[in-house]
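By written order: A, B, C, D and E. Residues from 1 in each chain.
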Amino acid sequence: MIIRPEQHWFLRLFDWHGSVLSKIVFRLLLNLMMSIIAIISYQWYEQLGIHLTVAPFSLLGIAIAIFLGFRNSAGYNRFVEARNLWGTVLIAQRTLVRQLKNILPAESAAHQRLVSYLVAFSWSLKHQLRKTDPSADLARLLPAQSVAEILASSMPTNRILLLAGDELGRLRAEGKIGDVTFSLMDNKLDELGHALGGCERLASTPVPFAYTLILQRTVYLFCTLLPFALVGDLHYMTPFVSVFISYTFLSWDSLAEELEDPFGTAANDLPLNAMCNTIERNLLDMTGQHPLPEKLAPDRHYNLT
Amino acid sequence: MIIRPEQHWFLRLFDWHGSVLSKIVFRLLLNLMMSIIAIISYQWYEQLGIHLTVAPFSLLGIAIAIFLGFRNSAGYNRFVEARNLWGTVLIAQRTLVRQLKNILPAESAAHQRLVSYLVAFSWSLKHQLRKTDPSADLARLLPAQSVAEILASSMPTNRILLLAGDELGRLRAEGKIGDVTFSLMDNKLDELGHALGGCERLASTPVPFAYTLILQRTVYLFCTLLPFALVGDLHYMTPFVSVFISYTFLSWDSLAEELEDPFGTAANDLPLNAMCNTIERNLLDMTGQHPLPEKLAPDRHYNLT
Amino acid sequence: MIIRPEQHWFLRLFDWHGSVLSKIVFRLLLNLMMSIIAIISYQWYEQLGIHLTVAPFSLLGIAIAIFLGFRNSAGYNRFVEARNLWGTVLIAQRTLVRQLKNILPAESAAHQRLVSYLVAFSWSLKHQLRKTDPSADLARLLPAQSVAEILASSMPTNRILLLAGDELGRLRAEGKIGDVTFSLMDNKLDELGHALGGCERLASTPVPFAYTLILQRTVYLFCTLLPFALVGDLHYMTPFVSVFISYTFLSWDSLAEELEDPFGTAANDLPLNAMCNTIERNLLDMTGQHPLPEKLAPDRHYNLT
Amino acid sequence: MIIRPEQHWFLRLFDWHGSVLSKIVFRLLLNLMMSIIAIISYQWYEQLGIHLTVAPFSLLGIAIAIFLGFRNSAGYNRFVEARNLWGTVLIAQRTLVRQLKNILPAESAAHQRLVSYLVAFSWSLKHQLRKTDPSADLARLLPAQSVAEILASSMPTNRILLLAGDELGRLRAEGKIGDVTFSLMDNKLDELGHALGGCERLASTPVPFAYTLILQRTVYLFCTLLPFALVGDLHYMTPFVSVFISYTFLSWDSLAEELEDPFGTAANDLPLNAMCNTIERNLLDMTGQHPLPEKLAPDRHYNLT
Amino acid sequence: MIIRPEQHWFLRLFDWHGSVLSKIVFRLLLNLMMSIIAIISYQWYEQLGIHLTVAPFSLLGIAIAIFLGFRNSAGYNRFVEARNLWGTVLIAQRTLVRQLKNILPAESAAHQRLVSYLVAFSWSLKHQLRKTDPSADLARLLPAQSVAEILASSMPTNRILLLAGDELGRLRAEGKIGDVTFSLMDNKLDELGHALGGCERLASTPVPFAYTLILQRTVYLFCTLLPFALVGDLHYMTPFVSVFISYTFLSWDSLAEELEDPFGTAANDLPLNAMCNTIERNLLDMTGQHPLPEKLAPDRHYNLT
């Protein structure tokens, strides 16, 4: 995710990183070429009775804009939901650690064991969503035996939740917490289970493929034909206006597609590494395990992954 | 549901499976025919004072696009809600199994009985929503006596929930869990009851039929008349532009109708088989019942049912 | 609510029942008449300097379409909320019966008494929302003394909830259930109270009347003037195009108004009778009280009330 | 809030009360005057090279309609949320009284004390939101000592909640209810606290002022210039069409503003008096305190305050 | 946030503070300059075959308006969510104090200690969101030792929650409250944790930067080119209409950006100081700690920070 320092509105216009421009620049060049073809061949095909006007393209363009608006909402809502789910992970984990400290202030070994599982949960979730290997992070955080059990399972992140619950179950079996306080903390594990399931859902169920397909077909064809509709009115200004209109439509389409799957490392995706880092720093701070790991910072293109 | 491997944007334009193109191709051909009729008969009916222009069709087309946008939201929201409900099934079941293991780590027979009921619940829900016969799946998962009781009921899936609750009630009656821990797990059955009721609601209450009717009438009539409005301006380009505009409107209308009922096996429906399979693999893994069933994969048209 | 068997898209276009066509046919005829007047008087009033063009009507038509889109959302959301509330009634009642059976499997007299109250609750709610007389249904389900108490109250449905709670209170006072399990079931009564209050809210608070008023005024005036704006361009095609555009706008306006109050018996209202019947069948089946009442089916116009 | 008896669609068009017409009639007359000025001065300023056409106003009008649609949603959502919050007040209070009766059926003095506090809570909330004096209503419902304490506080409605909670705390201290049943009822007070806080939030945080400002400026300027853009095409029909378009835009703007603050006594505001009356009638009926106060009815303009 | 006294609609049009006018006035002057250049150079570049018409700008303008509408929703929703989160802080804190008073009416020292932590929580949250120094407010409210501990932590606001929970944990350890009543109050701390996490999420995750970028680029370019498209039709009226249209688009874009980050002190941001003041006044009033601090009032530009 691009985290920009404040910037003058004029400079922003020439920003390259962080926008989707790099993804669509080839298609814009194609459109430019089409415009030039339209200018050159205009008089020739006009004589053949082939003729395009702005009016039907106006109708079509507005219809496509309405549908693009819908798809942007769908994509953006997925982005927001993914962010909320990760927010829930942080909130539920902080609350769980707070409860354990408030109820059993003296059991600092239990605090630390639970914190290890919680931090491992968030890193493991990140690795699961980005399809990367969690073993290094797990080995850093958990005893070897737990790591082995987790990696042997076909759903590692879910297994970590089970093990964290076993910790609470042990405290209950030892009589250190009663049923009511156990329930209180179990609810937080339940929230983590919801966040896990929600992230899995977003990752495994994209926006129906037909939306992508229909919009891309209509947007591309629209942009390709546009120069031929504009050339009659605009002559030499055709390339300029045509590329401008195409930029508007193609960039929205491209951005919607990028936001639909917010767990990657692209410019508009969620900074999962930074979030895991925040979680780790928060939980260690709450249980007094210093020094805290360094806070992650954006790279030189202001991209935080 | 179509699950595509990453694909170049250019190749996507020629994708056939997964789009709704197959459903509307006949109507597009009809539109093509109309365009040709419009070109041929143009001069003749123009003399009769019959005359259509783009302007009123522009107004009409944008109004229809706004209404289509509304209906797509309604359809897509049903799709998303259905997906969320199935997500809840997975989450609530995993949490319930986790709780049972955390609270009663040693009672593995009870674990396995509960898991059987939960897995049977999800397969039975799938069969109920797709109106298929659940008996084979039930026989595979549950003892014959339970199967008989379930199939004798007029609401089999709901009956499975009742039986799963009886398991918990038995543990409580035997004093193995107290009222508070019973409540904790009963809440998960309650979540499953909400998911069941929500799915039944989506299946039994379509989007009001009049929306479908009004939109289809106006979209079809609009597409049919469109060539006659365009031909005065576009002459030989009429078929091309008319089919393009018709494709945009008809495909959105068709997709909205497909998403409205997301429990089928069409290209944009939910992969209920794969979800049941995931649930079964998760719960068996959590209770150590190996080997897990094979993971379901999309067919060769990338369709996961 | 119209529940249609699958139908070919072509036949649908001529469907009469289930659409709002019957409600607006008179206004469409009026529009047709206006179109004819426009054609006849066109040359005459044109000479007087009275002149209408499509352009301002295009602006106005799109603005009205945007506002109609907003009102359709408002109306449709009320329809969906009403359906969700009735879904909650079914879900909460099934869960409550399940809990009672799981906790007290042997107390079948208590099961049946509670089921009677719950079924009576849903029928009474239906009668309240449709302003019909509940006494026959109550007499069928409850002992005469309870019926008398319920009908004496000025809020019968709410009173049934109070009596159902008294049943649970009695079980608690007799020591058959503890405070925790009482709470568990009390929560379900609370859900029913929310559903009751929600339905009352929808019934007593319509969409602000000014929305209806402003939209109807602008839609009707727009449709009435439209022929005079179209006639200059379209001549003899005016009636056709004008009625088509009017149909689009009037049908959306009419449907939005119908959906706003979803508790009636019109083609797009909720099938409350069928829902009460489903609830009754579910709860009787769960407590083994056979035979179940017959399942309600749509009438010959596919209308389920 | 206007509660209309069923009315023929034709008569509705001439309804004066209940619409926002009275608020914008002056601005419509202004627009009429502008139209006449436009007709008179048309030929004169046309010679000066001052020239306005419909096309840019069409673009502008549609953009404004889209923004008006957004603001209407924002305003309407506040109206709906306010109504939901008041619905919650009724629901939570009924549930609380039901719980107290189910748990302690014999303590009718406690029932009545609690009902007094709850009824006072809703009247006090109404007075707080409408900035009127609550003392008469409080004196009618509560003992003088409580009234004095409430009025001495700077947040009277919140103080009533505190006193209602003291009642429950007293029952708990006397051992009549246990911790679990106390919690059950405390949850309902918590719901009331949420409703109170929600209403305060709506009342103290309007829609950002800049929305109102930008929309009114653009709408008014648009309507003022519109006649000059139309007069070239429409000549003598300018006043008619211009006033019609202005009516559409001004009435939506005006209605959005009215709905934004739904706690007043205007035609489209919530009938808080009637709601408090309903709450009082419900709670008294539940605890058998007859006779109930008279049900409030709309005034002769169908306005329920 | 601008809190205006009631004002005549006519006067509002000339309001300067509170609108976003000050932010865009430079860009409007730029647009004015462009319009003048367009008028002057019109005949010259027209001869070169450079030619712009309104039609493609109409299509583009409406598409941009649709996307602006989407972004306004996104920005406004963040504003509303932020307001709701702060509403939750007030509500949860009032409820927690009420519960403590209802359950332990005599422990006024505990009441005051808890109130101090809660009030400090809200001021600390404000300072965190506005990146200002909390130490003065903390020192005013809490004992020096707690202040030192809080400021030593890298997440001060979260640490305050931990300390408030320790208070409750101490009451539980002393046997003054049982597990159930502890849970009841712990839930309120959990709500505060959600509000804290939610505010952090809003502050750390802006609307994807690409939205801002794409919209600003298209809006600015659109406004810059607009005069050249209008000048052919409007001649001397070009500057007026062009600035008007630009004002509409630029002000919506600017407002959306302002609302996206609602925690600042600009005209349309949330009045966090006033909210903290309200919270402090409420909690002190509930625990009888008089005199209350003065209520904050808007400054002379009606701005409440």
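As a convention for this text, contacts are C-beta pairs under 8 Å (C-beta built on N, C-alpha and C of every residue); 3 or more make two chains touch, one makes a residue touch a chain.
The UniProt protein names, listed by chain, are A, B, C, D, E = Ibestrophin.
Not measured: the values here are computed from a predicted model.
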- Item | Each chain counted as touching subunit B (Ibestrophin) and subunit E (Ibestrophin) at once | A
- Task: Call it same or different for subunit C (Ibestrophin) and subunit D (Ibestrophin): same when shared residue numbers make up over half of all numbers used at their interface.
- Result: different
- Query: Between subunit D (Ibestrophin) and subunit E (Ibestrophin), what is the separation of their C-alpha centroids in Å?
  - Reply: 24
- Let me have the rounded angstrom distance from the C-alpha centre of subunit B (Ibestrophin) over to the C-alpha centre of subunit D (Ibestrophin), please. 38
- Note on the structure: Residues in subunit B (Ibestrophin) with touches to at least two other chains are numbered 55, 58, 62, 66, 69, 73, 180, 183
- Message: Based on which chains touch which, is the overall arrangement a line, ring, star, complete graph, or other?
- Response: ring
- Task: Starting from subunit D (Ibestrophin) and stepping next to subunit E (Ibestrophin), give every chain of the ring in the order they occur.
- Result: D, E, A, B, C
- Query: Once bound in the complex, which stretches of subunit D (Ibestrophin) touch subunit C (Ibestrophin)?
  - Reply: 1-4, 9, 12-13, 15, 18-20, 54-55, 57-58, 61-62, 65-66, 68-69, 72-73, 76, 79, 83-84, 87-88, 90-91, 94-95, 98-99, 101-103, 105, 178, 180-181, 183-184, 230, 233-237, 241, 244-245, 247-249, 251-252, 255, 258-259, 267-268, 270, 281-282, 285-286, 292
- For the subunit A (Ibestrophin) and subunit B (Ibestrophin) complex, residues of the former touching the latter: 27, 48-53, 55-56, 58-60, 62-64, 66-67, 69-70, 73-74, 153-155, 158-159, 161-162, 165-166, 168-169, 172, 179-180, 182-183, 186, 189-190, 193-194, 196-198, 200-201, 205-206, 208-214, 216-218, 220-221, 225
